[in-house]
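Below: a set of structures, written as structure tokens.
One chain, chain A, appears in both complexes that follow, with chain B as partner in the first and chain C in the second.
Up next, the complex of A and B:
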């Protein structure tokens, strides 16, 4: 078990300390790869892009997932059908989602362009715009991913005793206060686990971004994980890719520890 | 117990002929799967016929998509485990020679005819050794919507100045006059193919013999200027090209939202089948000089032998069969351009169905050249995409964009791997 879990990490650390030629180590260089990375403007820009992408997606995905989970937790008609429909984006692969939205957003023949034209708006470049490409990716990622927290939160919501809400209602508690004072504290472990899981997922995401923009335009959507992919499989700079991968790994650990500390604090509520 | 022993012996005896005659299995990595599509069906028939004629060899076809075949082959070679025969794109040949993931074919070639090819034999020779057999050819041609050009009253352009004028006349929010792609996605493939041929047409190349980007490159500058002019001066395209990939341009041509585009000839039939039908035509790529045909780099799939194949003789027999005129005609009927001259003597090539392919072969024979692509070519494409995007989005001067490409690429190559 340890071998499966830890050997790839060990291998990545090991190879990042060398220069390589097509997967073969050629010279030991110690921390030179990391030094070069940390002083590289491209790396720092990719780090910033990764943070915006991951945290921006998280900021939209969790509330959206929670909102739909709360709706599905009510006694509404056709709940099963709604849940099925809402899950569909999550069932599609990132490649399919990427190709679908590339078509929808095509500035020449996409349906969204057609609707905007009919509504009298001007020409939109969508993914060809360096200002809009990253926000659009965040929105597409949100659309694809929100069903996951929705399902997890819905399961967690069902563990909250109804008596608490009934008692609170008697005491004049509003729905919003009930959510903050009863619901969230009760399901905080699920929220924490979901936040950790989705942040790691977003930070490591490659396919959706690579399919839709390849990291462009003007490298505005090149995240660290896309950079790892390009370094490893387009440029065959395996050591450099491994070094970036290790940086991602450490950042993921930092995020996880941060969430655990913040969400376990009782005084949050 | 006695009965069990007798039964076991009987089974063993029954299996012995099969064991003795057990076929050698070779693994063939192909870029598409065996299915009911024309080329999928053609491959099924080809493999079945080979196995029938060579009962001692069984071919297991595995799908190795274009996007992953190179990385997978290199990783396999590093692990000491490669397939026997692989189909790889010619642009990646240098990469695999450098990575040591394929092996020279010379020890196994026997008396293969070295003259019966559209391009010279040594186009796939590296360091004096033959590494690949060209399986299929294509080149970057001008493909256009005749219906749109006729409606606009423009002639098919033959030079880049004429493209500028014609496409500028057609370009509108609904129809792009000349479509091209600058996206980094899909390995910037449409940009790389276009830039490669443009440099050749301008009389130069992007990289020198050592694989370094050439500073102050007149051919490169002509390409950068063309990009700037198409979007700027000519208004033949829009900034949307920044996000376009091969697929986006393909769909635009098929759907009639792009009037003209440079595309590989392998897309011609697919475009016609996708909706363009007889409205889609092809023309030689525009040149920089009126009346002078533009040279083209011939691209295409090649058959190579994996570095660690355990069955080189059997692998070569399969490769030779795949190069036979009979198979090449089958490949042609499925829409891929054969590489052997003698294939074009087949009666099928006299039919109207083969008209375009016949003309392409003639164009290649007269104007085709083999390109040399170093291991860093894909990385070059990413940098070129970024700087050409800056020309379109930020108005970066073409000369500065070229200088940036040269600096960034040469620096990336010099940095530690």
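Up next, the complex of A and C:
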């Protein structure tokens, strides 16, 4: 098992140490690939884009997921129906989500353009705008991902004993303070684990961005993972793609180590 | 006391309002896609947009469902999903059983390794997998793709099913052993039926992953008749140009199986998410 899974990793490292031409290794170049990467402004920009995309999405999905989880945890009717509908965006594929939103955001015929026009906004370029493409992608990503933290948090919230709140209420604790002082500390492991898991997911995402912008305009949405995909499978710069892939892998390891520590510290389930 | 009641009331109104708003936001893009799929292509590119299709047409759906290429693409994804579920359960359930029940040297190390493998980012190892497929002439192969999907998903499935095996009372299996059942027999007759909900949840997660995957399908196929659903959906645009009415119909068809599976098997689905999710 381990061998099957790790061989490709070894192979990727191996390729990244060579010069390649159309999928063939030509010469051993050692770490030259990496030194070139680390000094290339393109790479650093992609790294920055990845960080903005991942952390921006994180900053929106987690609070949104937590908000809906808290709402769903109140004693209300139609709870199951609300939850079912809210999960639906998460079940869609990134390809479908990308196409749906491309169509919604269509700069000539889209309903969102219509609403903006009616509201009196001027010309808006949507995904063709270098300033707006990345924020829009973050929003679309949030739309499709928030159900995951929502479900995970909802499950975690059910483990918080009710009597903690009861005694806090007697002490005059407000709901807001109750959330920060009781709820959050009680489920912090789950929150941490979810945060790291979704961050990894965002770092590694390709399809949604590829479908919606292909990394453009002017490479403003080219994250590291999109760059790997384009370099390897469109531009056939395999070695440099492999090297970027390894960098992503290292980033993942850093996050994962963190994750395992969180898992070990507390019993989540 | 009255003010408290009023506050609860206000809070309720707020809760329903926000949840309702959330549901509208969640559904609106899908509804817009659905509406578009019933419009004549000539009514799609209108400004201001035509909100309700008039006339309603089913031509996009009938075109797609009678197209050999489209049917083939759906068939491919079905085969891949089915194969992956079969292979995955076949490998993961005995693996999970061993992990839950047996003590052996290096068990923790192996389990941790399995967990770590599931954290290897897909995009990083796609290149070596692609090169491997080229070298071994395994592009466009069901078997190879199922192996790749399986390798991707089995580690998580092992952790997930392990949790289900652990709650099956050991005494039940021991009783079967005393009655002359072999160990594999006890696993097959006692444990497997009891962990069925777990297996179902894993199967659904596998199905969703394979059906919704674009990356692996795009990289490991280059012949049109071997494309998966998501690849087919996107490549149609690149091949024939953009016809939003038809695309939205295609996107809806590509989504339907997942949505149906989700609506009918929701409980298992959510279970799979919460437990499988946290374990990696």
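Quick note on the criterion: the second predicted complex is superposed on the first by the 253 of 269 C-alpha atoms of A that agree within 3 Å, B and C clash if a C-alpha of one lies under 4 Å from a C-alpha of the other, contacts with A are read in each partner's own complex, and residues count from 1 in each chain.
FYI, a contact is a pair of C-beta atoms (placed from the backbone, for glycine too) under 8 Å apart; a residue touches a chain by one contact, two chains touch by 3 or more.
Everything numeric here is computed off the predicted structure, so don't read it as measured data.
Upon superposition of the two complexes on chain A, a steric clash is found between chain B and chain C.
In the superposed model, A:197 makes contact with chain C only, not with chain B. Counting the residues of chain A that each partner touches, chain B and chain C differ, and the larger count belongs to C.
In the superposition on chain A, contact of A:174 is made with neither chain B nor chain C. Within the superposed three-chain model, A:143 lies in touch with chain C and out of touch with chain B [touch as defined at top]. With both structures placed on the common chain, the touch criterion links A:33 to chain B but leaves chain C unconnected.
By the document's definition of touching, both partners, chain B and chain C, reach A:211.
Judged by the touch definition given at the top, the superposed model places A:126 against chain B, while chain C stays out of reach. Once the two complexes are overlaid on the shared chain, A:109 sits against chain B and chain C alike.
Once the two complexes are overlaid on the shared chain, A:219 sits against chain B while remaining clear of chain C.
Using the contact criterion defined above for the overlaid structures, shared-chain residue A:233 touches chain B and also reaches chain C.
Under the contact criterion defined above, the residues of chain A that touch both chain B in one complex and chain C in the other are 23, 99, 103, 106, 108-109, 211, 232-233, 238. Chain B contributes residues 68, 70-71, 74-75, 78, 95, 98-101, 173, 176, 182-188, 238-245, 247-248, 251-252, 255, 257-258, 375-376, 378-379, 382, 385-386, 389-390, 393-394, 412, 415-417 to its touches with chain A in the complex. Residues 1-2, 4-9, 11-12, 15, 23, 67-68, 71-72, 74, 76, 82, 84-89, 91-97, 99-101, 103-104, 106, 108-111, 114, 143, 148, 151-152, 155, 190, 193-194, 197, 200, 203-204, 206-207, 211, 225, 228-229, 232-233, 238, 241-242, 245-246, 248-249, 252-253, 256, 259-260, 268-269 of chain A are the ones that touch chain C when the two sit in their complex. Taken in their complex, chain C has these residues touching chain A: 11-12, 15-16, 18-19, 22-23, 25-27, 29-30, 32-33, 36, 44-49, 51, 95, 110, 112-117, 119-132, 134, 151, 154-155, 163, 208, 211-215, 218-219, 230, 233-234, 244, 247-248, 251, 254-255, 258-259, 262-263, 266, 270, 273-275, 277-280. Within the complex, the chain A residues that touch chain B are 19-24, 26, 29, 32-33, 36, 99, 102-103, 106-109, 117, 123, 125-130, 133, 210-219, 230, 232-240.
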